[in-house]
Structures are given as structure tokens and as C-alpha cells.
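The following blocks contain the structures, represented as C-alpha cells.
Okay, so subunit A shows up in both of these, paired with subunit B first and subunit C after.
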Partner chain A sequence: MTAVVEAPPSPEPPSTRTRAQQRSAAWKRRAPLLPALLFTIAVTQVPFLVTVFYSFQSWNMVRPGSRHFVGFDNYVDVFTDSVFLSALGNTVTITVVCVLVAMLLGLGLALLLDRQFLGRGIVRTLLITPFLILPAAGALLWKTTMFDPTYGLLNWAFGIEVEWLSDYPLAAVMTQIVWQWTPFMMLLILAGLQAQSREVLEAAQVDGAGRWRTFVSITLPQLSRYLQLAVLLGAIYIVNSFDAIFLMTQGGPGTASTNLPYYIYQRAFEGFDVGQSSAMGVVVVAMTLIVATFALRLMFRAFDVSRGVK
Partner chain B sequence: MTARTNRLGGSALTVLTWIVALLFVFPVIWMVVTSFKHEVDAATDPPTFAFTPTLEQFTAILDRGFLPYLANSAFVTVLSTLLVLLLGVPAAYALSLAPVKQTSNALGFFLSTKMLPIVAAIIPLYVISQNLGMLDNVWALIVLYAGMNLPLAVWMMRSFFLEVPTEMIEAARVDGAKLPTVLYRVILPVVAPGIAATALICVIFSWTEFFYAVNLTAAQAGTVPVFLVGFITSEGLFWAQLSAAALLASLPVMIVGWIAQNHLVRGLSMGAVK
Partner chain C sequence: MAMQTATAGRKARWALLDIIVVVYALVPVLWIASLSLKTKDTIADGNFIPREWTLQNYRDIFATTEFIRPLFNSIGIALIATFIAVVLGMMAAYAIARLDFPGKKLLVGVSLLIAMFPQISLVTPLFNIERQLGLFDTWPGLILPYITFALPLAIYTLSSFFREIPWELEKAAKMDGATPAQAFRRVIAPLAAPGVFTTAILVFILCWNDFLFAISLTSTEASRTVPAALSFFTGTSQFDDPTGTISAAAVVITIPIILFVLFFQRRIVAGLTSGAVKG
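Here is the complex of A and B:
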């Protein structure tokens, strides 16, 4: 890789030499970037291209010798597969609901924390803890100690008898995900709250603006880039939710709580259908990219990427 | 009069905050409590609050071979984080202080890889690992975790590098300082906390990663989440042991996260907080 940085041989006419020098200077600037770039391409892009290649084949790992090209057959199968479509619906529901609820809860908790009170540090430490618990551990604990119909704390606390995981599987999974991600949202929003200038807030109060008025017309606008970042990062991770579904409901009952990552996992590692699961992977990427182009634009606007480019 | 109502309102709000926080974190508190129970006290109706504490669940976990999983997790987390820093710090430098022309393209590329769902690559990764004999091998996880965290790390560290005042760098250059000196004496002190915050977030995400670990490793290279999967079939019988395992598995990241909460905030907000 470093070989690229070496300047081309020098004995050349002056005009080309300056151009060569320019080019070598450009490469020198690029050099620190290249290892990271090449590594990322090798680890993320190459496997994806292989997925695309697999997606045009009929290939089941338990039937050796069955592998052959089938064109777009897998894609036709994917879009006529009702389980895929319901998994797609569940993925959208989980992502949208969890991001919104976690953000609102995070905003509420951040507002509670954004003042001086006794034990503030301890409360903050308590509140970030769910984010630091292993998601796998959190999922198993919610499944057993909280949601269990006989011994779970939820039924005991509310004096009810609900089979949470079989009657409301999606809600149960989303509860765990929201619980996991609320601290993340809270931390980000708290950072935003503490970055706003005290003078402006005081000036608003002097001008007779009430608390609500101040919050809506001063705090919220200042908070918007933090909220955008929270939504973007939260969505990136929650779209890929797998732990909670795998450990709490196994996608069930039936396919009631199956999302796309879990369904692709099932097709690949339980059905051994490489072709079809690859096609699903490609479809998911295509859809994510459409949403992502939109999100990326937001991100660039929020973070003013042109700063630093001279 | 108003001052007094204000103070009353204030302490009511404080009490409310405490109650909300304790309720919110209750599953964790209950996990800690349950991990010190005998199995007979763990799953009862109504729940048992008074019991004789015991350490038998922790010894049971160690007997089930928890330590090798812990060692794997530590090894994978540390090495993948080091790899991220090794690749990410120069990249962040190239995208901030000595920016290349295609900066926003490169940044967009890094972030877009983060948006590729990991399921889309798992099948080739499995087949490739199988062909290379890398299934159930810690090095496969190290490389994949580095790939998973690098894009976010580059974004975060770039924003920290941008905080270095250019006047400082130019002043050092005018004084005749060479690039290595500038890097070490001027830039590093400013960005070091940012790099620490980034490393912390990489540590958390590597330690808690589940999908690659479950699909690509087993008994030999398994990390702590893989150990926990062993409880999926027996959870009805071993709640106390499950709680002890969950506590032990989460404790390293919990402690690191608690100690470095301020770094965490800075890292998550990508250096936007001064």
C-alpha cells in the first residue's frame, strides 16, 4: 500500500514534473486514508458483492451438486413470499416505533436530568445502565424475570395474567429494544441540552416567556441536530435487531415477531437456502440504501461536512 | 412565597426523577438480586424479596466453563479496538486536518457501509470463513468487528480532529516543527480524549455484539453472548444462574461505561459538545 505513495521518477520536462509533483502530493495526502478505505471495502463491500453473486443461484447447502444459475428466480420468490413481506412490515414497525418511543422517553429523562438535584450523578449512572447491559443478557432477563406468565414481575406487579410473549410478541420485543436504547437517546439529548447557551434561556425568561414557550421556541430548535443524530444512529442499529427476537420469541408465535434479519438468518442457517437468503439480503440493502441516501443528506446538513474541507 | 413553592416543586421533581430512574433500571437491580439467590427462591409467585444470599450461582457459572468465553471476549474486544484505532486515526487525520479532495465522498462511503444490514453479508462471510478454516476462530471476529466499528470511529474521530485550532498547527510549523513533532506535541494532546471516547464506544459495541458471534463461533472462539445462548432452553429452571451469568457477562462493560460516562457522551455526540 505504501508503495503507491512513492513519487514517479523525476527526470522529466519541467511542466510535467510539476504535474507529477502535484499528483504525488495528492497521493501523499490520500495515503493515511487508504488503509482504512481498503480494509472497509474488503470487509464490507466484497462480501456484499458475493451475496449479489449468490443471489442469482439456486443453491441449497444440504443438497450438494444442486448449485446452478437461475437468473432472477430467487427475487421473484422473495417478493411473492408472504413471510418475507410480513417480516418487512415487522422490521418497519419495530424500527419506527422503537426509535420514536426511545427518543421521546430519552427526551423526558434528559429534561429531568438537566437540573441540579441531590444524587444527579447516581441517577444518570443508573439510567445509562440498560445501554451497558449485554443485549443478549437483557433479552433473556426480560423474557424470564419480567415477561414470564407465571413467575414474571410484570404480571405480579399489575395483578394480571397475560401471556406476553405469545399474545403480544412484537410489543414484548419492542419493550426490550426501547429499554435498551432509551439511555443512548437520553445521553445524546442531554448533551444537546447542556450545550445550549444559558444567556439565551435567561433572556427569554426576562422577556416573560413561560417554560413551555421557551422549550418549544428555543430549546427544541437548538436540539434538532442532536435529535437527528439520535434518530439516524438509533435507526441504523435497531433496523438490524436480532438478539431480542432470537432470544425472546424465536420470531414467533408462527412468524408474528419475525423481522428481516431473523428471517434471513432462518432461511440461511436453518433452511440452508443460500440463493434465496442472499436475494433477500440484496433486497434489504437496496431498500436501506434508498432510505439511507435521504438520511445521509440530513446528516451532512446537520454536521456541515464542508467544514474542514479547504 | 413563590420561592418556597418553587423549592417544593423542585424536591417533588427530584423525588419523581429518582422513582422513574429506579423503575427504569429495575430489571438490572432484579438481575443483581436474583444472582445471589438459591434456585428455589429465584422463580416464585409472588416474587421472593427476603432470602439467604449465596454465591453458589457464580461458582456454578465458572464450573460451566465461563472463563474461556470471557477471555475470548476480552481478546477480541481489545484487538479489534486497537485495529480500529490503527486504521481510523490516520484516516480521520486525512479527512480533517490534511483534507483530501474527495473528503465528503469518503465520509459518505464510510457511513453508507454502516447502513448495510449485517445480514446481507453473513452468508458469504460464513462460506469464506469455512473455506479458509476460520470458522470458530477469534481472528475472524477481530477483523469483522473492526470493519463494523471503523466507519463510526472515523466519523467520530474526524469531528475531534476538527477541533484542533489550525492557528496552533501553523504556529508550530512557523517555529520549524516537522510533521511528526506537530502530530505528537500539538495535535495528539487535543484529540487524545476524543480518541479515548471513540475507543470506549468500539469496546462497548464489540463486547455486546451478538449476530456474528452466534453465527461464526461455537465452543472454541465463542464470546460471552454465545455463552448466554446456552440458557435459551433451560431458562425456566435456572433463573438465578442466568442472572449470575448475565451479571458477569455485562460487568466489564458496565464498569468501564460507568467510569467513563462523560467520554461516552462526548463520543456519542461526535464531538459536537465542547
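Here is the complex of A and C:
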């Protein structure tokens, strides 16, 4: 693919300009980017610094005057809190299972949609729909119309009586998340499928490669970048899943389906424990940064953000 | 002859697969629609087609402000946040796509990193800060965080669209005697419009969908949005079973989006994949 946009003409050789002029020119070029950047930094980093500050204090909002500096105590508490650790485990389970299942389903659907057939447009629209339904509504619908023991479609369809949400809370939540995210995976993978060159596929056929062989040796390697992207973007959002758990199980029964975002929310808005919940927030940010570094490296490769720099 | 039956068999298999897929995608949606049209007495009968049809559930949700007011809040807040995010995002994307400066990669990296910032760790401090500033439970109180988390998405989609615009045309128009404003309005703006429009749709959906901020930073109908309001849905009285009304509310807020997608499907897909498609 050829770059249509030419890089703007490079500035004249440094000898003809003073350094100050250069610097002001450089800032002029950055200027359009600054409002967005300053805004996002203000709204995310100021609260984050406040979070870090809170995390070193013992502060419970229902006990006024209890606020004092406690150093790393909150962090020690966080890592010895068994609920935190089980929430961490649930978060990892939800993320890994949902991303993998949604990606496999998405791959299957994308392969199905990559062929010409009557009504393909309609089928594709219907398949995208779950991604566009308000997630909160999606979660409530699964709760009331699919899993509910009385009105639930599942019990009606299989003729059984199972309390899905209390017997299999984590699986129920994961089913809803997979349902919501499969279309996203499908769209990304479909884009990858449609970007592969027909000639190469035909050449493989002429050379006598079967369908499976063609898929494994040509399509999959070509798709790998799209698959990685789908996994990373999906993981970033699914790690933060909150609506599904809040609306479907309230983290329960007990803490069986509590994940980190929900636990932090509970500590802050139901336990009013600002210090503890802030410390957990900082821990989550640290973990996210580690994952995000990998994600960013991949995104730079996949999107080629720096095109035009050379 | 044998060849023909083989392809016919294959066609039948694919057709069967297609039907299964359509059923999978369609059944939950139809089930919601069916529940929303059932009367209170028949809602638990498990019939796919309602035995007694009624619009009572729809009348109920529009009878009180419980649903209308949040709907108004949702639309207003999402529209304002989308507008501001797209304007700021356009400036940033222009810089990324067209200008060259040291530190560009770092700036892009920072903005992408913010997209991945776990929202939950910002909610408590935002709650406290907004209460201090008097922004808690107001429209700006939700618009500000929405813009922040929409900006990275806006910048990412817009900059990949902007890179595809043949900017030489601008120069050509100026050579032909157009003023810079004319060149922008007549040549560049029409080329950029589809990308901006797609981005606006995606950003709007992002703001529209948010639940975490909506539930933590609002407390009354003054600024509560639809996702948060849904979790407070209890039907006409506290002891009423809300399944019918929830279904009706879900239909009301879902159908516009499905129609929207039917019309703009190509654009939305292009927007989601624009970055990835470029090799």
C-alpha cells in the first residue's frame, strides 16, 4: 500500500535558522495535539495522583476524623486480603476465557461471512447487533430473559430448572461477555480475511493445496497480526468488565463472581474505605501498565502510527 | 453429475450453518421483543409468541420520568461529549497525520495509554473531586470523563482516516486561485467528512454505553443516564416484577441502534478496522 500523504517538506538546514526559531516552529507543529493531550492528562492524571495520595492514608468516610497517614499499610492489607486475591483470580479467568472463546467464535463467524451468499449483509448486521446493544441492557437481558429460572429462555429451551446465576455465576457472566464481544472479534478478523490477496489463495489452489492446508499455511499467518490486535483490545476492555457483574450477580453469591473493578467499587462506594480501595486502584494501574506496554508496542507495529516521519 | 450433487450437498451444509448462525444472533433479540409485548399474567408462561398482546409495558415506561428523563440525559450528555471529543480529536489527528515533529511517537503513545487506563481507579478520586467542585450529579460531571476516554478512540480513528486524504489537492486548489479557507471548505472538508462522521458514531456509542461513571458520579435524575437508570428499574411499584418494563426499555433503546447500524454499517466497520487494514 503506497502512502498517499507525503511528509511535509523538511525544514531548511539548521544553519539558516536560529535555534529559538526552530524550537518555536517545533512547538507550533505540536500545538494542535496539545489541547487533547492536556485535557486527557488533567482528567486522568490529577485523579490518579489523588488516588496515590489516598492510598497512603487510613480513611473511612463513615468515620470522620479517622483519616491519618499509614504508609504502605494499605498495600500490605491488599495483598493479604483473600477476597482481593480471589477477585484477582476471577479477573484473570474472565479475561483469558472470554477473550479466547470470543476470538475462536469470531474467527468461525468471520470465515463464514467471508463467502458470498444470499442475505450476507443482513446476517452480518444481525451478528454485529450484540456489540451495539447497550452493555447494561445486554447484561439485564441475559439476567432476566436467558438465565432467569422462571422467565429464562435457557430453562425453557432445555426443559430444566437451574438457578444459573447462583449455581454457575462466573460462567453466566462470562457467557454474557462472550456474547457481547464476539462481534468485535469477528469484525476485526473479517477485515483481516478480506485484506488477503486472492491471487495467493488461487495460486495455492492451483498448486494443489487443500482448504485446510491453505487455511493453516496462508490464511492464519496472514491473520496473526489481526488476531493479536483483537486479543489485546478485547483484553483491555474485558479486564475492566463491570456492568455485567454489577447487574447480573452483584459479585455473588458471596464473592464467587467478584472481579477487581467490582471489588474496588464495593470497597469505595459500599464500604466507604477510601484508603484501601485507592491502594487497590494503584495496584490495578500498575498491572495494566505492564500489559499496556506490550499492547502499545503491537499497536505501533500494526497501525504504523509513525508513518510519514521518515 | 456426481460433481453437481457434491456442490449441492456442500451448499446445503453451508445454508444450514447460516441458519444456525442467524438463529443464534436473532433469538435473544426476538425473545426480548416478545417479553415486552406480554401481559403481566402471561409473562412467565414461556411461550415464544405472546398469547395476549399488550403495549402496557411501553405505556408504563413513558408514563413516568423514570425512563424519559435518563433518556434525555443520555442523548444530551453523549452528544456534547462526542462533539467536543471529535473537535479536539480532529486537531490532534491532523497533527499526527500531517505534521512532523520530534516526540510525536511519545505523544501518540501517551494518548493510547490513557485509553487503557483502568477507569475504576479514577472513580473514587473523581467522585471526591467532583463533590468538592460541585460537579457531582451534573451533566459536566459526566461529560468531562467521557471526553477523556473518547479522545484516544477519536484520535486513533481520525488519524488513520486523515492519512488517506490526498492533501496535495489542497495545494492544487490554492494554485488555481482558491483562498486557504476555500481550499479547506471545498476540497479537504468533503474528503474528511466521512471519517469524521464515522468517528462521531463510534465515540457516541462509547459514551452512550458507559455504566461505571454513570452509576458512580450521579445520584438523581438530574444527570442519571439510561444505563444507570436501568439498574434502578423496579416497575410501577416496588413489588412489581420489572421484567416486562425492562424488556420494553431495552427494545426502545436498542431498535434505534440496530436501524442506525443497518444504514451506516459499512462506515462503522470501516471505522473500526481502518487502522488495522493498512498493511
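The definition used in the following text is that the second predicted complex is superposed on the first by the 288 of 310 C-alpha atoms of A that agree within 3 Å, B and C clash if a C-alpha of one lies under 4 Å from a C-alpha of the other, contacts with A are read in each partner's own complex, and residues count from 1 in each chain.
Keep in mind that, in the parts below, a contact is a pair of C-beta atoms (placed from the backbone, for glycine too) under 8 Å apart; a residue touches a chain by one contact, two chains touch by 3 or more.
What you see is a predicted model; the values in this text were computed from it and never measured.
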Following the superposition defined at the top, how do subunit B and subunit C come out on subunit A, clash or fit? clash
Looking at A:E199 after the superposition, I want to know if it touches subunit B, subunit C, both of them or none. Which is it: first, second, both, neither? neither
Return first, second, both or neither, reflecting whether A:E161 touches subunit B, subunit C, both chains, or no partner chain. neither
Go through the superposed model and pick first if A:L187 touches only subunit B, second if only subunit C, both, or neither. both
Using the superposition on chain A described above, determine whether A:F117 touches subunit B (first), subunit C (second), both, or neither. both
Classify the contacts of A:V285 with the two partner chains as first (subunit B alone), second (subunit C alone), both, or neither. both
Just to be sure I follow: which residues of subunit A are touched by subunit B in one complex and then by subunit C in the other one? 26, 29-33, 35-37, 39-40, 43-44, 46-48, 50-51, 54, 109, 112, 115, 117, 119, 123-130, 132-137, 140-142, 144-146, 148, 150-151, 153, 156, 179, 184, 187-188, 190-192, 195, 225-226, 229, 236, 239-240, 242-243, 246-247, 260-261, 264-265, 268-269, 274, 277-278, 281-282, 284-285, 288-289, 292, 295-296, 299-300, 303, 305-309
In the complex, subunit A residues that touch subunit B: 26, 29-33, 35-37, 39-40, 42-48, 50-51, 54, 109, 112-113, 115, 117-119, 123-138, 140-146, 148, 150-151, 153, 156, 179, 182, 184, 187-188, 190-192, 194-195, 225-226, 229, 233, 236, 239-240, 242-243, 246-247, 260-261, 264-265, 268-269, 274, 277-278, 281-282, 284-285, 288-289, 292, 295-296, 299-300, 303, 305-310
Would you pull the subunit A residues touching subunit C in the complex into a rising list? 1, 3-8, 10, 26, 29-33, 35-37, 39-41, 43-44, 46-48, 50-51, 54, 109, 112, 115, 117, 119, 121, 123-130, 132-137, 140-142, 144-146, 148, 150-151, 153, 156, 179, 184, 187-188, 190-192, 195, 225-226, 229, 236, 239-240, 242-243, 246-247, 260-261, 264-265, 268-269, 274, 277-278, 280-282, 284-285, 288-289, 291-292, 295-296, 299-300, 302-309
Listed in rising order, subunit B residues that touch subunit A in their complex are 10, 13-14, 16-18, 20-22, 24-28, 30-31, 34, 43-47, 87-88, 90-91, 93-101, 103-104, 106-128, 143-144, 146-147, 150-151, 154, 158-159, 162, 204, 207-208, 210-211, 214-215, 224-225, 228-229, 231-232, 235-236, 239, 242-243, 245-247, 249-250, 253-254, 257-258, 261, 264-266, 268-270, 272-274
Contacting residues of subunit C [partner subunit A, same complex]: 14-15, 17-18, 21-22, 25-29, 31-32, 35, 43-44, 46, 88-89, 91-92, 94-105, 107-129, 144-145, 147-148, 151-152, 155-156, 159-160, 163-168, 205, 208-209, 211-212, 215-216, 226-228, 230-231, 243, 246-247, 249-250, 253-254, 257-258, 260-262, 265, 268-269, 272-273, 275-279
